[in-house]
Amino acid sequence: MSQVADHAHTEHPPHLHHHFHSSAQQAASAKLGMWVFIAQEILFFSGLFMAYIALRYLYPKTFLAAHEHLDVSMGALNTVFLITSSLTMALAVRAAQTSNKKWAEINLLLTIGFALAFCVVKYFEYSHKFHLGIFPGKYYAYTHIPGNPEVFFGLYFVMTGMHALHVVVGIGLLLWIYLKTRTGAFSAAYYSPVENVGLYWHLVDLIWIFLFPLLYLVK
Amino acid sequence: MTTATDAIRPGGGPSATGHAEEKDYLNVDNSIMSWLFTLDHKRIGLMYLASVLFFFFFGGVLALLIRTELFTPGADFLTYFVSGKNAAELKLAAADLYNQLFTLHGAIMIFLFLIPSIPATFGNFFLPLMLGAKDVAFPRLNLFSFYIYVLGALFFLYTLASGGLDTGWTFYTPYSTSTNTAVIASTFGAFILGFSSILTGVNFVVTVHKMRAPRMTWTRIPLFLWALYSTSLIQILATPVLAITLLLLIFERALGIGIFDPAMGGDPVLYQHFFWFYSHPAVYIMILPAFGVISETISVHSRKHIFGYGFIAASSVSIALIGFLVWGHHMFVSGQSPLASLLFSMITFAVAVPTAIKVFSWVATLYKGSIVFNAPMLNALSFIFLFTIGGLTGLFLATLATDVHLHDTYFVVAHFHYVMVGGTLVAFLAAIHHWWAKMFGRHYNELCGRISAIFVFIGFNLTFFSQFVMGSQGMPRRYFTYDQVSPELLSIYTRMHQISTVGSMILGLALTFTLFYLTHSLFFGKKVHNDSDLRWTGESMEWKAATPPSPHNFHEQPIAYNGPYDFKEIDHSLGGGH
Amino acid sequence: MSHHKDSHGSHEPHVLPLSIYFGVFFALMILTYITVKVSQLGLGALAIPIAMTVALIKAGFVVGYFMHLRYDDRFLSLFFASSIVFLGVFFAFTVYDLGARDTWVPEEHTQVNLIDGKPFCDPEILKNNDRRKKVCDEAKKRGDHGHGHGAHGNVVKAAAHPTPAKRGVAKVAQPAARPATPAPVARPTTPAPAPVARPTTPAPAPAARPTAPAARPTAPAPAPAARPAAQFDAASLAAGKKLYQANACWTCHGNEGKGDGAAAAALPVKPANFALGNYKYGGSLGDIYKVLSNGSPNKASGMVAYAHIPDNDRWSIAKYLLSLKK
Amino acid sequence: MNALNHLIATATFWMPRQASDVAVELDNVFYFIYYLSVIFFVGIIAAMVYFSLRYRRKSADQRTSPIAHSNTLELWWTAIPTVLLAVIFFWGFKAWVTLNVPPANAMEIQVRAWKWGWEFTYNTPNTTFTSPNLYVPEKKPIKLVMTSNDVLHSFYLPEFRIKRDVIPKRSTVLWFEARQATGTWPEETARKQDPKTGKWGDVSLSKPYNLFCAEYCGQQHSMMMRKVYVLSQAHYEKWVAEKEKDAGSDKPLDVLGQELYTSKTCNTCHSVDGTAVLGPSFKGRYGAKIEFADGTSGQMDDDYIIESIEYPNRKIAKGFPAAMPTFKGQLDAKQLRALVAYIQSVNGKYNAQKK
């Protein structure tokens, strides 16, 4: 593999791909790629928020009546979990940047723990609704909410379900990063994967920051 | 390091004078695994080329079936393909078949050919070469997006097997949520294809930003890359909305969540907003790369610097941005509020201006050039002819008053075929002929190339100009039979349909002929030993690489001393110019 | 911007001090607490803007510090901002369309949501919604309060046994009378809760009333300048008059619509006097049509919903009532 | 009929015949854009062909000009198209406003689209009737209030240049005014030999307009076409009278009774589930002895019901306000019997045979 002329003075670091000239270029490319992916995710969720706005405009009373059946305490708990997991994720990235393997592993485990807690709370919330007969769309069978609650709960399950799916994917990524950290793959010179998974996780938290007030709180 | 001064001979690298034993990207490793799991952007480009062409011809066959059926007002041709006890039952079964034919023709052509064709094939192949880079920024992501494309295509084939699709490529609710054809399978297929498009876009944006050759500033990159950069912006920012729309449609059918389905309390016009917010920028995804190819071929084959480089680059990006504001002109008669239609119509006229600038600049490039009528140039000139008609007829559809009459008629069908087939397909042909020698190291038969360009032009005009007349006379779109029409309209429709069907036969033959002589040249075409054998070369960086390029494109990093259009034939003593 | 300007060789990461991380964390916690408390004050129409601004501030913290955007390459923030702008464009145009649908022709307003606010098992709705009919019949069979959520219902406060005290949860027959005063029936074009524009300011703010041409197109088209209140076509006025008689509206509203019908004496809430034009819930064609279709928002009044009258007849009656105004 | 031939003559190469004044206006807009486009198109293509031929490569090293751009040229070919586009936009918008705002005195017809057919409902002072094809008087603005039963359809009259989608659970509006009659009522016919089959048959002489469905709606999207007949005012009234005559219907008594129970809004004061609203409930009292406000009492039988409908204040039930209006003159004998039958069926005492 012929070396590019201006690369002679540093030996070839293991993580550098052949088609990049310097690890700075590679790190910058990875970060730009991740941010472009995040822009795309934002527009993906924009469709759901647009559906929320349109349906709330069509059914104001139903939305008010139906969202009282959502449990604010569970939602708030989830918000706390996600924000703390965001903190521990940021600390994990910082630890990787300062080649502090031990703290990186601890923070990653904490992040995974909070993410799992989020899923558990979500499980209880869903199971309680199913118990009441509140199923999405045409399977809806709870007669105590006036107006058109099928639409509200259909939207509720799609939005929180899509977000929960992203949380589960996030947990998978975090596990993959955790295993690679244990094998000592990351250091101050090469921490792009940790940073990118961190960006993805903060995006998941960002989405929930908007989901929580819109669905659970707004009167 | 070869210095720029002795770059008289375009092939800068030592391999240019090397002999056959120097390995190029094609014969470096001939095992199947090396092709299927390649990370080389050139090989991925070729794999895209093969699959894109397969689906193009598959969609083309569907089109020929549709045209043959419409040759006569009544239901006759398709009744041979269906079974039924009596004439009425045969007619209804044939109607279902017809609906599936035009739906699959639309969906396959758009999702599987038009969107990936130029960006994924020539973009993958030439973007790194033109930037002087070794590969795209994320090669594994590039291979992953190819296999997502294949997976999406498999879903479409599965749809064919399991009951077809009869909702039209637009999947409008509430019909798409109530019909019993395989809507979920095809929407999921389109959803996956969307990701292939997004990831290609991510790859291209990062590559253009971060991996340009030394001294290659933003004003020195070829216009083909400006077009691909704008296309990638649209792919990244518009396709996710299609993804969420199709997902909601799948939930709508499976769970009946009632966002779009009026039976459950939703609003079908809201679906049209969601759908067209993606689908109008998508038509710019299809046409912008074609603009890029035409800018390249026109300037190379008239050996002249492109006229108004800055304006063309700026118009590519501005088309991409304004393209996001105009989707409502698809919904003027669909129950959209009159004031919103007014707003959309106003902004749609704003998009027409940059497109006009491009066409004027291409024609101005020909002035005082040294033009040769080879296959790429003939296709480029026919592109300008056909795209000008396509663009101008867009004015009728953007104007509020005339769109009410012309919406959902054959006028619209003719308009978007002039822009898609006359535009993107003809540009695709121009690109294939322009870069054929560079890609495969073999020459196609020049006479065949010219004949195919001319016959595609003739067949195309016959097929679709007649549809303009039929459309403005009121013939609605997606009609299986038109025999109950009043007599004086019936005579017009029948004559126009017959001309159109004959034209489509000529177009079909011309394209099959093109496929034939190109594949023939792959095996028996004259080999290109060194760059002096090439019939033409450009000044952008892909011409500095070997023919066909080596696995890692360049032996040493090329430096962008001059712009992509500073041909040696340009005589600076003639005065004028910047 | 070519890559040569970046630092050669290994890439020194820009590391933030720990204090910033924990500072941001506490800020987020406090902001979350604020949102939850503010939402319980029940500010009505103000709730959404406040909630959104707080959410935006929180998002700003996460994106700026946790995602490191403040210290990174300017193009990243540009790209992130562009995705927000396109999101805003998508919202602005669609909400603008939803809001302005029937500015020129009243019959065009979206009728799909007329069931909003009606009880779930309202007999009118069940007539043409057999899915719901099955659900309501099952609920009746299992006793009226849904299947067995009884005791541990406290987790979901509102879904507790339908105690009439705090929440007028719908008894099957009686429509849910929300304890709050009957909010004026907002004309469907001015959406009661301001549409949620999620982040920052989407490009063209969705003005409640489109500025360009006046509410009615006063362009020099032969169409009348403004639609005068009482001047509808003779045929639908005649049809309206006939239906006014046939459906015994005169029993309460009187023959000339003065609200002096025979039965008016017995009604707790006096019927409206159309001759004087004192329409209690909005004087436009759409408002009268809505009261006719949904019944009077004031549940105490005897004005029930006449949804069984065909949709177009209701429009004719509404026009006839408008034409009674002297 | 010669007026009709003149009308057919208004068809041009690009456009079908102009059935309304609005169509004339729209054709003007169409042809304005058409000629503008032809000018631009010819200009561009002529320049392209001329440049390509004039500057054909004659020798291998033919010199080319270094001209790369010129700001003045760029400025002009941006400004001129923008101005022209603005003109097109405004003219289009002005014509579109007339298209979209129905005049106030337009005659209203209800249109219902369903999977694969149209139905037009006419509200006349004394009855309502439906017709599969659209019959309209000439020179009179017609307003169509349209809704769909199932999926999206689109009401398209090419000769009137108007089109509007028809959406389920929502009504959309469209208006037009026919310039001239397209035939008479009853239709004049002439015996003609069908060229293909050679059979003699009488062919109608009227030349109706076409009604297409323009939004894809499934299997028979192309087969739900209908005709629009424009009649002179006199012929139209004759047609309406004919249609009204055969608009009556014969449903079973108690079903007719139930319809009257809601259409005459008895349900406002009398319920059918036993609970009293304003007046006594129909259920549970049929055949029983009931007291009246003036102390007397009597049996609630068929005669009492009919009497109370026509003269409510004669025997007012005890404990209920004297608020019932008289329906005398609004219900014919058959309808009264139908209401009695319904009250019997509510109390389960209805037997179909007894007329």
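Letters A, B, C and D mark the chains in the order given here, with residues in each chain numbered from 1 onward.
Criterion: contacts are C-beta pairs under 8 Å (C-beta built on N, C-alpha and C of every residue); 3 or more make two chains touch, one makes a residue touch a chain.
None of these values were measured; they are calculated from a predicted model.
For the interfaces B-C and B-D, the C-beta contact count is higher for B-D. Distance between chain B and chain C, defined via averaged C-alpha coordinates, is recorded as 43 Å.
The distance from the centre of chain B to the centre of chain D, with each centre set as the mean of the Cα atoms, comes to 41 Å.
A straight line joining the Cα centres of chain A and chain C is 31 Å long. Between the CA-based centres of chain C and chain D the separation comes to 29 Å, rounded to the whole angstrom. In chain A, the positions touching at least two other chains are 21, 25, 28, 32, 36, 39-40, 43, 46, 50, 54, 58-59, 138, 148. Annotation for chain D: residues 93, 100, 169-170, 172 touch two or more other chains. Among the residues of chain B, those in touch with two or more other chains are 209-211, 237, 241, 262, 265-267, 269-270, 335, 338, 342.
According to the touch criterion at the top of this document, the contacting chain pairs are A-B, A-C, B-C, B-D, C-D.
Of all residues in chain C, those touching chain A in their complex are 3, 6-13, 15-16, 18, 21-22, 24-25, 28-29, 32, 35-36, 39, 42-44, 47-48, 51-52, 54-55, 58-59, 62-63, 65-68, 72-73, 75-76, 79-80, 82-84, 86-87, 90-91, 94-95, 98-99, 110, 112-113, 115-121, 131, 135-136, 138-139, 145-147, 149, 155-159, 162, 167, 169-170, 172, 175-176, 178, 191-193, 195-198.
Chain D contributes residues 93-94, 97-98, 100-108, 110, 121, 123-126, 143, 145, 147, 169-173, 262-265, 267-269, 278, 321, 323-325, 327, 330 to its touches with chain C in the complex.
Within the complex, the chain B residues that touch chain D are 92, 95-96, 99, 166-168, 172, 174-175, 178-179, 262-263, 268-269, 302-311, 333-335, 338, 342, 345-346, 349, 352-353, 356-357, 359-360, 363-364, 366-373, 381, 384-385, 388-389, 392-393, 395-396, 398-402, 404-405, 407-409, 469, 472-474, 476-482, 484-486, 488-489, 565, 567, 569-572, 574-578.
Only residues 8, 11, 13-17, 25-26, 29-30, 33-34, 36-37, 40-41, 44-45, 47-48, 51-52, 55-57, 61-69, 73-74, 77-78, 81-82, 85-86, 88-89, 91-93, 95-96, 99-100, 150-152, 154, 156, 158-159, 161-165, 167-170, 172, 207-210, 212-223, 225, 227 of chain D touch chain B when the two sit together in their complex.
Interface residues of chain A, counted against chain B in their complex, comprise 1-2, 4-6, 17-21, 25, 28-29, 32-33, 36-37, 39-41, 43-48, 50-51, 54-55, 58-59, 136-139, 148, 150-151, 154-155, 157-158, 162.
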